[in-house]
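These notes open a run of structures that come right after.
Next come two complexes built around chain A: one with chain B, the other with chain C.
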Partner chain A sequence: MPTGSGWLSPAGSGRSLPGRGLLLLTVLVLLEGTVFRLGAASTPDVSGHDTKDHHKATAIGHNSTKKAFPVLDLDYGHIQTPFEISLWVLLASLMKLGFHLIPRLSGIVPESCLLIVVGLLVGGLIKIAGEKVPPVLDSRLFFLCLLPPIILDAGYFLPIRPFMENLGTILIFAVVGTLWNAFFIGGLLYAVCQIQTGNSSELNGLGLLPCLLFGSIISAVDPVAVLAVFEEIHINELLHILVFGESLLNDAVTVVLYHLFEEYSGVGTVTVMDGFLGIISFLVVALGGVLVGAIYGILAAFTSRFTSHTRVIEPLFVFVYSYIAYLSAEMFHLSGIMALIACGAVMRPYVEANISHKSHTTIKYFLKMWSSVSETLIFIFLGVATVDGPHFWNWTFVTVTVILCLVARVIGVVGLTYIINKFRIVKLTTKDQFIIAYGGLRGAIAFSLGFLLKEDHFPERNMFLTAIITVIFFTVFVQGMTIKPLVELLAVKKKQEAKRSINEEIHTQFLDHLLTGIEDICGHYGHHHWKDKLNRFNKKYVKKCLIAGERSKEPQLIAFYHKMEMKQAIQLVESGGGVKMPSAMPSTVSMQNIQPKKLPPPKTVERALPQLPKGREEEIRKILRSNLQRTRQRLHSYNRHTLVADPYEDGFDKFILKKQKIIELENKIKEMNNYLTVPAAPTDSPTMSRARLASGKETDFKPAQQQKESKICPDPQAFSVKPDSDSVPIIQVDLASPQSPDTVNVMDEFRRADQEENQGLMMRCPRGPSEPKKSEDTEGARDQQKLMRCLSDPGPSADEDEDEPFLP
Partner chain B sequence: MGASQARTEHPYQDLMDKTGCNDMFGSKEDLASIPALDNNPLRKQIITAFFDKRNQHENQVGFFEEIGFEQFVMVMSHFRAPTLKTSEEEREVMRKEKLRFLFNMHDTDNDGTITLEEYRKVVEELLSKSGALGLEAAKAIADAAMLEVASTNVPHMAPDDFYEGITFEHFEQILKGLEMETRMHIRFLDVDTTTMRCGKTTS
Partner chain C sequence: MGSRASTLLREEEIEEIKKETGFSHSQITRLYSRFTSLDKGENGTLSREDFQRIPELAINPLGDRIINAFFPEGEDQVNFRGFMRTLAHFRPIEDNEKNKNATTSEPLNSRTNKLLFAFRLYDLDRDDKISRDELLQVLRMMVGVNISDEQLGSIADRTIQEADTNGDNSISFNEFIKVLEKVDVEQKMSIRFLH
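On to the complex of A and B.
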């Protein structure tokens, strides 16, 4: 077994070189072990033979004594299949791990390329070891196990608003573009084959229909490859959704064309009638797939309405319903991908309103994990299958295919954009067109479809497979590697990471209504009109059915606002009580700068605050609790690599340091500008402790516990607090100061929350009265730490998508 | 009328002839009688915007009693979209125009700033269809938004300073992420005139 140590070159910083070297060594060793195991997969009797021989020898040697009791036995066949699967998955994950340890490499070469190379290596090693390469990219395995997680991940987190806004464009690219590609490539290949009649005999027998079939297989843009490459280049949202949406929606076209040509290749002719049936079939496949997906999505949403008592299995419903939707669609030869996308997109807004926060995190993480592993495996298998597959290299065929693919794509995109731009408001520039054309990557779906072809129907199958693999390699390696520098070179607009502010949200809504109104005045039934109608239908009927409890009536703006303030609260709390400003710009503006100046109200004032209806209070508490652990930063979640690590884990040292400063920074906290208004519990239950900004002015709202002042502060109500000065209650972050009983309150409340609702806030914080006389450091530190632990949650980064309702 | 008026009038001249709308366009009641507007939370503001003299770009203030087709078109011209040929400066101008339109809708007393009260009203109207729940939240949301504007635009204020209201510059600043020139548009230039109706008819 070759060791890896000599292979290590002093690349990169020498800082962690030994560590990295060690890991690579381990990886390689495991690789070898894997290879042997995987190679041994096809010869399971080897070990069996060994034992038998051994026993025979023993028997002969000892002359019919009975067999020795086998203390240690080797029975590989027993566990063979799960073991192999696990080994493959382990290999994939270790590879992923390894790549990210070599920073420069992962910056230059996209991961997909590296994985294919690894696959090639593994396949080569297996072959060298003399074992038979397992048919890993068996189409059933691919389509039923490897593909669904990726598609579900994409569909569940599909950014609905940009998708719907560009749906027309996407559909035209997907349907017309793919058709154009298929016929162009197929037709020209047939022409080339005819020309070649005299020269090479291999291409002679290639009929028109097999050519068209090949064209339809190779023409589809692959979602897996597009995702893998586009994830790393952080391109702007419009281009991303155009290419990605196209890769998803062209599945229907591919399915229909594939089946059409495959069916009739045997017969040899396709009549007009068949073509017509093909078109009908396309509509059935596409719409049927979407319908199946939508039905299961609604079922899932409906089921999630009742899961308030069994929170643990909530994610399971999401996964199982989606998978069944996919399988059902595949059963009828409808488009499984579209079913999966429809299911995920339809169920998401309702399910998210119903499930607990932890379930939401679980779903997110599981989807990302499965899709990540799937993608890795697919690329590795591509490499392995390349080494293995029976190849038939024909220079003409392959080179013509590659060239035609590129040419067809460019012509298709340019031509279609010219037509599309007449109808679009945001026109697609030449740069955009280039990126769209260049981003048309082919991937494993094409290969699997080719693999599915039966040899007896298609004697040219091997040639097809070789050509497909060449195209895939070309697009993934050449286009995948160069797209990043090209994006930089052309200065294509990149993704904006800006936070969505509440002003923008207000005005987005405002614009929606305004434009709808203007359209109504014109009498013109445009986009906004129908969107508005759908929204109203959604609110009136659908939400009532599918969302449990009070959340069904929550207007979108308020939901958005809740989320924002929770995020702010978490941020403030975790940043140690005010050292880090939540907004990008440090600002000393606070509420009193905004409120019109009024006479200070008399100190002793009896406030009879209106009671919130009981249900609303309960709901607010539920919202708060379930949202308290929500996320901080906001990135689009279709980037798998940026699930941000918990800042707590990273910054714990910083917190320890900060606690020293916290006491002296109380003054700074007073300057805090925060508009958070966390609602609190009703009078009869313990005060919800909120993060508190001690600003010390009249506008403060101190919790009921602090009865030191003569103010009688009844229930800290949420939005209906109306102190005389007409100011809004502020969230105050004051965990730092150990004197304030608030520090205890936080943990208190959480403990109570835990007792009351069992909603996953697991904390065991001791409840003790805070003694102001204790040494501030230790108390503050301990409380702080406990609080940090309380609030830390391996939460993934927030995404904009979370905040967008069904049809914003 | 100014040059800008002539520019927008031309494409609509034939539209006006085709739809047969007369010069006297209508009063507020006519517009208010459009049934489709009933569900719109911003109904009043939209109708008021048509009668707002500030939107006519003639530096007048106040409100019309009745508007004619020219005034109607002038208001509608705020909803044009940029084409591929629109230059960068023209886009800037367009954006400013549209933002100005929105600003005028918010700034009802025409003092040049959107005060907290006015902003609160805006949010309340938005949430007006949501019942009592919305009204309570509206205040908090408006305050939060105001605070955000203030902290973005005037980061360092002494505790005793008072932020009067959102000026037009601040308004531009906070909304610059939205790309107004492409968002605020209606495709009514492509529309088939048979579906166009005057506001007077009941649809």
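On to the complex of A and C.
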């Protein structure tokens, strides 16, 4: 085992296709070996125990044979379950890695197909090895562990604006469309079964209710499959949200229909009363689910208000509250998916206003990671379960099902669109309808629901399962593979990649107000009117409760502007810009300027110094501060409660380069003018002490002061910094106060220095640490928070959806 | 029109309005009843006070400007024709209209005319440019009183910088159109008047 994994890593760097294939094969063999072992483990364990007992017995009996002390022992049973789980997850992740390294394959075949194939292979290998295939797609495992991360990810990052704008359309597709599908498929299947009475006896006993039950299972569009396929085709936002929203909201219908038919299949009849109860049940399930989710969402938002001192566990609240919401909804047989979506969507604007930037990134990364692994596992398990599951192939049933699914979907979409278009402002074209119909993929939820059926109630269960798997394979493989070329062929509008500019934001809000006004004049209580009312309510009452501190009063536009500026600042630093001022840099303003009015910037020293273009100066400050801060963060000991980084964990050479750059910059600044007030010559400026700490006293760094004074050329290793003479400002980089390079104190000083820096517009004279600013501590803390929020990774993908404020 | 506003709108008038604005018969009648309900003075025209009596409009940040948009240059009263003419900008664009490209004059609810209406709300002095000050005024109205002038100034500067392509430090109508090309104006600036 260890040799295998050791061999894997060098192979990973190869680039040839055979290398890839060999890698995959090795992993498969590895897994098969393990699974083989785990199948056999059940027996050796028992025998092991027997022998142990035997030994003990003999030992006690004879009292003379002393067993040698086991230096190395193998106890697989002890760690079996977690080990298996970890291996499966590892397999899933390695597969994901592998597929993206094979260049052409990932372009042609969607990932979901490949994963199912891998699952088939693994299942096949296990079967060949003669072992029992573990029941991996057990319904409890699926619904309680694998599905929630995906749904939470979808719900938390749901683009609210397009969702709400198209809510009517989505609801009609989800509710009416699913009902239509279920009854059409179920009814026609029953008719086919009746016709088949003479020929095959198997279909004979199929009553109407089991058929309808089957119809309801197979009719629901699956969010996992839709996500997996649509993510790769980058279709325009409207279509994406329509199909995806439908797949999420039809869960309520599916739950009700499933329970209804399952309950009454035993009895054999469904009366009108039951139907009526079913409708009421649907309303309860749907609205109840949303309500449960919203309650937990508000709780989470409220909790996040108080987390400013324990930033480390902020993401945990988001995850735990959401999961509890899901479980609570499932407990009452309400729609868990809708609860999750509601929870995520409700809590997001408030939580994001409260948590730090790092927590925000953490949440994003964790959600994406979990959902990605879950999705991969689901598809692999589908493959394994296909190999394993008891199959009962009936040509008629399966082919009729597949055909009916397609037909029902097309008729449903076309018919509903005709009705919907009467009410829509932007009509759905034929192309749109085609994509919506074609995107109705079935997936693992259908399979799990089928798996849940009990054999004794439903003797046809195996036949159902086979048909379900066939439909899933058909939709995922055929439809999934062909949808991308079809989208290209039909020239469907693709997703617009560009981010929202501040112009768009301002004008969109402007138009919102305008339209609300016009609606009021017409006396027409339309879409804008209610949105405006909700926004007003939100601003007046809800935000005050759920958002901590100053940000509760922040207007939407300002919040948007903040975010944009922050992103740009991060980008500037990340691009390794150093001192270079790109002239293309659009912003001449700094986020630092955006502060509430009641904090007037101290205006003591600036007047004495010549004016500079504000923007340039701010840019330099930003860069310097971020670079310096990064350095500082590296030097403090890691503490679980304070979340500061380890000094030695980052690349040492990068650090050296950064230091060089900073020293360069300081040098240039000093050379440019004489106003620079450097803190009076300390023997060990904080810069140097940090450098020394990190370098372990082996560089020949000269202290910054000495370097400046002697005007020695810095290390040639450093970046060649372009001196932009007319724009280098006269600023004083107010590093911490000169004394105490001691670690603990420095941190406090930096924090205070930060506060000082944040409160000014530009320059001021250095203030010693002896002036604690008690009155402005909250402001400082908040600015600190802002800066802390600034310093983090941008995240996996530039997700413009996150920019949207509450109900934009 | 007559000393007392007739509750019945004459057929010829309805036809004329229909031709000019594209509203349907029932929509015109419905909006006429709304017009008369707003017209407290019952003289067949609306004044600014009539509009200001609408409660929601008072809390709308752009309320005053919207009201002004109804009144033609320098006048204080607007009749039903003018009322409908302004509202016509917000009619949804229909598919069959999109194909009409040989018309002499563009319908009032075309995309360009919608944008022109919005542009005129920014550009109060009608010089076909949104200057920094005009933008600042609008921002101030939308953002409230808590934000300082400086900060708003930064936002305004940034906005103009993003949109300005010819370097005159203001936003012309064409630049305005360009900036909003990704926004679905047809949907955003349309009200679904019930049939």
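Throughout what follows, the second predicted complex is superposed on the first by the 519 of 808 C-alpha atoms of A that agree within 3 Å, B and C clash if a C-alpha of one lies under 4 Å from a C-alpha of the other, contacts with A are read in each partner's own complex, and residues count from 1 in each chain.
Criterion: contacts are C-beta pairs under 8 Å (C-beta built on N, C-alpha and C of every residue); 3 or more make two chains touch, one makes a residue touch a chain.
All values reported here derive from a predicted model rather than from experimental measurement.
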{"item": "Per-residue contact with chain A, leading partner among chain C and chain B", "value": "B"}
{"item": "Chain B versus chain C as contact partner of A:S501, first or second or both or neither", "value": "both"}
{"item": "Contacts of A:G526 with chain B and chain C, given as first, second, both or neither", "value": "both"}
{"item": "Doubly contacted chain A residues - partners chain C and chain B", "value": "423, 425-427, 496, 498, 501-504, 506-511, 513-524, 526-529, 532, 536, 553, 555, 557-558, 561, 586-590, 593-597"}
{"item": "Sites on chain A touched by chain B in the complex", "value": "421, 423, 425-427, 429, 496, 498, 501-504, 506-511, 513-529, 532, 536, 553-555, 557-558, 561, 564-565, 583, 585-597, 616, 671, 673-677, 718-720, 728"}
{"item": "Residues of chain C touching chain A in the complex", "value": "31, 34, 37-38, 51, 54, 56-57, 59-63, 66, 87, 90, 92, 95, 118, 121-122, 138-139, 142-144, 146-148, 150-151, 154-155, 157-159, 161-163, 179-180, 182-194"}
{"item": "List of chain B residues in touch with chain A within their complex", "value": "31, 34, 36-37, 39-43, 45-46, 50, 76, 79, 81, 83-84, 102, 105, 116, 122-123, 126-127, 130-131, 133-134, 136-137, 139-141, 143-152, 154-159, 161-163, 174-175, 177-178, 182-188, 190-191, 195-199, 201, 203"}
{"item": "List of chain A residues in touch with chain C within their complex", "value": "165, 423, 425-427, 496, 498, 501-504, 506-524, 526-529, 532, 536, 553, 555, 557-558, 561, 586-590, 593-597"}
